[in-house]
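In the two complexes that follow, subunit A is the common piece, with subunit B as its partner first and subunit C second.
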Partner chain A sequence: MGVPMQFSIILQQVVNGLSLGAVYALIAVGFALIFNVLKFSNFAHGGVLGISAYAGYIAANQFKLPLIPVILVGMVTGAILAVLVELIAFRWIRLQKGQLVYFFVTSVTMLMLLEQVLIIRFGASFESYPYTLVKVRVLQFGDVTISVTYLLSLISTIIAFSGLIYVLKKTKIGIAIRAASNDLTATSLMGINVNMVIIAAFIVSGMLGGLSGVLYGISASLSPQIGQIVVKGFIASVLGGLGSLTGVAVAAVVLGVLEVFLISTIGSGLSPVVIFLLMVVFLLVRPHGFAGVSFSDKA
Partner chain B sequence: MTFYITVAISIAISSIAVLGTFMLTGMNGLFSLGQAAFMGLGAYATAILVVNYGLPFPLAILIAIALAISLAFFVGYATLRIRQDFFALATFGFGQAMIALLTETVTITGGAMGFSNIPRLTSPALAFISLAIAIFFVWGFRRSHFGKDSLAIRSNELAAEVEGINAFKHKMIVFVISAGFAAYAGALMAFHISYVEPATYGWILSVTWIIIVFFGGRDSLTGTVIGAIILLAAPEALRFTTAWRILVYCVIILLIINLRPRGLFGTWEISLKPFLRFFKSKKQQEAK
Partner chain C sequence: MLEIKNLHSGYNKIEVLHDINIKVPDGKIVVVIGRNGAGKSTLLNTISGLVKIKSGSIEMNGQKIPSAPHKIVASGIIQVPEGRRIFPSLTIAENLIMGGYLASNAEMNVRKEEVYNTFPILCQRENQQAGTLSGGEQQMLAMGRGMMAGPKILLLDEPSLGLAPLVFTQVFELIIKLNKERNMTIILVEQNATIALKMADYAYVLENGCVVIEGPGEELIKDARVKAAYLGAAVKTLKEPSPREYLE
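Now for the complex of A and B:
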C-alpha cells in the first residue's frame, strides 16, 4: 500500500514541477530573446509580465471574458507594453551608441516603475483571477490528482513554443531576428532595417511575457510584486547558457521541477539556500551553462 | 531638527555602501545583485554579537566585516573567473540565500519579524566621520596604481591581462573590499535605527545602489556622493504618497540616463585647484 502511494505523490510533484517549469520557461525565453539581440539582461520584462497579468485579470473580472480571450488580452498588452519599453528606455541609448551597462540600469528602473504603476492602481493587496475562469479545477487519474490550471500552463507553453519555433525558423522576420542575434551590425549591413527587427523581437518577447503573466496569475495569485518573478527567467537564462533558447527552456523546466521538489522536502523557507549552493556547484562544473559551447564564440 | 539629523545619518551610512558599489560596479564593471545581503549580514552579525553575547561594539563590527569578507571570497572564487552574467547571478543567489537563512533561523535572528531592541550606539559623529574616511579611501583608491588597473580591466579585460594585471585576483580584492564596506554600513545602520529585518536587504536594494552610481556618474566620485545624497534624500523630500514618489524617482532616473548617459556629473570631480588659482590671481592683482 505504502509504495504506490509514494509513487503517486512523486508523479504529482513531477507534474506540478513541470507546469511551474513551463511558466518559467516562457518567462526565460522571452527574457533570453532580448538578450540574444541586444546583449543585455532585460529586467523590464518582469514589469511587462506584471502589467499584462493584471490586464488579463481586469478582462476576466470586470468584462467577464472567457479563458482564451483573457489570455489574448494578456498577450496583446504584453506586446504593446514591450514596444513602449523599447521606445522609452532603450532606443535613445542605442541611437547614442551607449554602453550595455546603461541598458541594464534603465531596464531595472523600468521594472520598478511598472511595479509602482500597479501599486498605485491596485494597492499592495493580493488579487486572484475569478474562480469560474477555469470550470473544472482538478482531474483525477487513479491516485494522481492534477490541477487543470497546471495542465493549462503546460499545454499553453507547448503551443506557444511551437508557434515561436515556427516564427523563428520559417518566417522572414524570425530569420531576421536570428540574424540580428548573431551580429547586429552585419545584419544592418545586409540591408535589413535593424530597428524593425528589434521592435519585432520586443513584440514576440512581450507576447511570451504576457502569456506567462496570465498563466502565473491563474495558477498562483496576483500582487504588484509579481514582476519580480522575472528573476526566475534570469536564473534559467544564465544557467541555460544565454544565447541558446533551447538550453534556456531546459534550464527553466529543471529549475521549476527542482523548486517544487525542494519545497515539498525541506520547505519553501530554506530552498533558496539549496538553490544557491547547487548553482555555485553547477557553475564550477559547467562554467558555460547547459548549452555553453555553442555560445562561447558569440560572447 | 532631530528628524533631519536622523535622516542625514541614514543617508551618510547608506552612502558608505554606495561607495562600495562605486568601486565594484562603477570602476570594475561588476554587477553584484547581492551587495545588500552583505549589508544585512553586517547588521545582523553585529547586532547579535552585541545584544546576545555582550561583545563590545567595535569588536563585533570587526567580526561582522571578517564574516562578510570570507563569504564574498567564497562567492567570488566560484564566479569571478567566468563571464560577468554568472557573477551577477551568483551574487543574486547569494543574496536570496542570505535572506532565507536570516528568516529561517528564528531562534537567533527573530525571523521575518526582525531583530529589535538594538542600542543606538551610532552617534552622528561616528556616521559622518566613517563616511569621510570612506570617501577618502575611495579617492585614494582611484588615484592609486591599483585603481587605474581597475579601469583597465573594465574597458578590456583581455588587454589588461596582457599588460600583466591578474584580473581574477584584482576583481577578488575589489569585491571583498566592497563587501566589507556594505557590512560596515549595515553594522552602523543596525545601531542607528535599532531594528533590522531580512526583507530590507533584497536584490532591489542592491540595484538601487547601482542606479545611484550611474545616476551620479560612474566615472565621478563627486557625482556618486552627490547622487547618493540626492537620491537617498529624494524619498524624504518628495512628500506625497510613497508609491507616487518612487514613480517620480524612476522617471527622473530614466531622464538622466537617456539625456546624460555618463551620469549627472560625467567625469567631473570637485577639486581645490580653481579656488587656489582664484586666490593666486587675486594676490597677483594686489601685488600689481
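Now for the complex of A and C:
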C-alpha cells in the first residue's frame, strides 16, 4: 500500500502547489502589468488585494452573498481601489515627471496605509470566509483527496487569464496596454490618450488583484497583513522576466509548487530562505528571467 | 496651413528652440535640415505636443492646435518619430491597428490594404513580432503606421537614418507619392540634406535652435553657406538616386 499512498500524497501536493501558484500568478500578472506600463514596482497592489479580500469577506459574512457575487465584489473593489491609487498617488508624480524612486516609495506607503486601514477596522486577528461559501469542501478520487477551494483557485485563474488574453490580444484598448508597455510616448503619438490606457491597466490589474485576494482568503485565511503576499508576486515577476506576462505566470506557478513542496519537506521556517536563495542564484544565471527577451535596436 | 509663430520651447529650464517662425502651406513639402543637436526633433516633438511650448504658438488654419499629444493626432498631425519607435513586442498587424487607433473599422481596413500594397513585405509578415524586422522593414512599418492615422500633416523625423539604399529610395518615393497623390502636407526633418532639399518646396536650416537660413529648396541647394556646411561632405558620399529623378 505504501507506494500508492505516496503517489496520492504527491498528487495532492501538486494540486495544492498549482492552486497556490495560480493565486501567485494572478498577483504577479497584476503586478507586472503596471510594471510594464509605468516601469516601477507597484507594491500598493498588495494593499488593493488586501482590501478586496476583506470586501469579499464582508460580502460573504455580513451580506450572505453566494460565491460568484463574492468574487465579483472582490474584483470590482480591486478595480476601483487600483484606479483610486493611480489617481491619488501616482498620476500626480507622473505629471511632475517624478523619478521612478518616488513611485516606488509611494507604492510602499500606499501598501502600509491600506494595511493600516484593515488593522484599524479588524484588529490584528485572523478571519475566515464563512465555511458555507463553498459547500462541497473536498472531492475524493480513490486515494486522492482534492480540496474544492484549491480547485476553485485553479479554475478561476484559468478563466481570468483566458479573459485577460482576450482583452490584451483582441481589443484595441488591450493592444494599447501592450503598446504602452513597449513605449508610452510612441503610444501617445498614435492618438491614444495614455492616461486612459494607464487607467485601463490599473482596472485590469486591480481586478486580478481583487480576485487573488478573495481566492487566497477563501483557501487560506485573512489577516490585515494579507497584502504582503504581493512579495510573492514580485518574486515571480522578477523570475519570469517582467516583460513577458506568460513568463511571469509560469514563474508564479513554479514558485507555488516549489513552496508547497518545501514547506512539506523542510518546513515553513526555512522555505522562504531557500526560495530567496534560489531567486538570487537564478537571477545570476539568467538576469532577464525565464522568458527574458529583449529586442535590440536595429540600424 | 500650419504656422509656427515666435516659438520657444525646450526641456525644464533649458530652452532649446528660440523664436522659431515656420509656415507650412497645405500640400507642400517643408524640409528642416540641421546638424545633430540643432533641435530638429525638439521642433517636431513640440508640434506633436510631447515638448511643452514656453512661448509663441502653433496654429492650424488660424486656430491654436490642442496641447495633448493624442488630441493633436486627432486633429490630423501625425509624427513618424526618429528611430522608428515601432512597438517591438506587438505584431506588425497590431502595430498598424495602433496607428489607426482613432480610425473607424472601415477606414482601418482600407488603409491597411494601402499599407500592404505599398510594402508587401509587411503583409507577408503580418503576424510576426515587429521587433524581429530588419531596420529597413521597421522604417516601412513606422511609415505604414503613420499612414494608418490618415494624416493631413505628416511629420517625418530622419526617416533615412541608417537605411540601405534600396529602402531609402522606397521611403522617399513614398513621401513624394503621399504628397503628390494625396496632397498630404509633409514636414521632413533630415540630416541627409541633398535629397531632402531636392524634394523640398521650402526649407529651413536650424542651428543651435534658431532658424538661420530659409528659402525654396532649389535656392538652398545653391546657397553657399548651405553647400559649405551641409552638402559638402554629403555630396561626395551620397550615391542614392534622387527620388524625383527616379519617378520622372
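Keep this in mind: the second predicted complex is superposed on the first by the 293 of 299 C-alpha atoms of A that agree within 3 Å, B and C clash if a C-alpha of one lies under 4 Å from a C-alpha of the other, contacts with A are read in each partner's own complex, and residues count from 1 in each chain.
As a convention for this text, a contact is a pair of C-beta atoms (placed from the backbone, for glycine too) under 8 Å apart; a residue touches a chain by one contact, two chains touch by 3 or more.
Note that the structure is a prediction, hence the values are computed from the model and not measured.
Quick check on the subunit A-based superposition: subunit B and subunit C, clash or fit?
They fit side by side.
What is the contact status of A:Gln96 with respect to subunit B (first) and subunit C (second): first, second, both, or neither?
In the superposition, A:Gln96 touches subunit B alone.
Between subunit B (first) and subunit C (second), which does A:Ser188 come into contact with in this model arrangement: first, second, both, or neither?
In the superposition, A:Ser188 contacts subunit C only.
Which partner reaches more residues of subunit A, subunit B or subunit C?
B
Which partner does A:Gly142 reach: the first (subunit B), the second (subunit C), both, or neither?
In the superposed model, A:Gly142 contacts neither subunit B nor subunit C.
With both complexes overlaid on chain A, does A:Met112 touch subunit B (first), subunit C (second), both or neither?
Touch status of A:Met112: first partner only.
Could you look at A:Arg178 and tell me whether it touches subunit B, subunit C, both or neither (first, second, both, neither)?
It touches subunit C, and subunit B stays clear.
In degrees, to the nearest 10, note the angle that opens at the C-alpha centre of subunit A toward the centres of subunit B and subunit C.
After fitting both complexes on chain A, the angle is 90 degrees.
Taking the superposed arrangement, what is the smallest distance in Å from a C-alpha atom of subunit B to one of subunit C?
The answer for the closest subunit B-subunit C C-alpha pair is 15 Å.
Which subunit A residues lie in the overlap of the subunit B contact set and the subunit C contact set?
299
Which of the residues in subunit A come into contact with subunit C in the complex?
Of all residues in subunit A, those touching subunit C are 172, 175-176, 178-179, 181-183, 185-194, 243, 295, 297-299.
Along subunit A, where are the residues that touch subunit B in the complex?
Residues of subunit A touching subunit B: 41, 88-89, 92-93, 96, 98-99, 101-102, 104-106, 108-110, 112-113, 116-117, 119-120, 228, 231, 234-235, 238-239, 242, 269-273, 275-277, 279-280, 283-284, 287-288, 299.
How about subunit B: which of its residues touch subunit A in the complex?
Against subunit A, the touching part of subunit B is residues 29, 31, 75, 78-79, 81-83, 85-86, 88-90, 92-94, 96-97, 99-101, 103-104, 203-204, 207, 210-211, 214, 243-244, 246-247, 250-251, 253-254, 257-258, 261.
Could you list, by residue number, the parts of subunit C that touch subunit A in their complex?
Its residues touching subunit A are 48-50, 68-70, 73-74, 78-79, 81, 83, 85-90, 94-95, 97-99, 101-102, 131-135, 138, 145, 149, 162.
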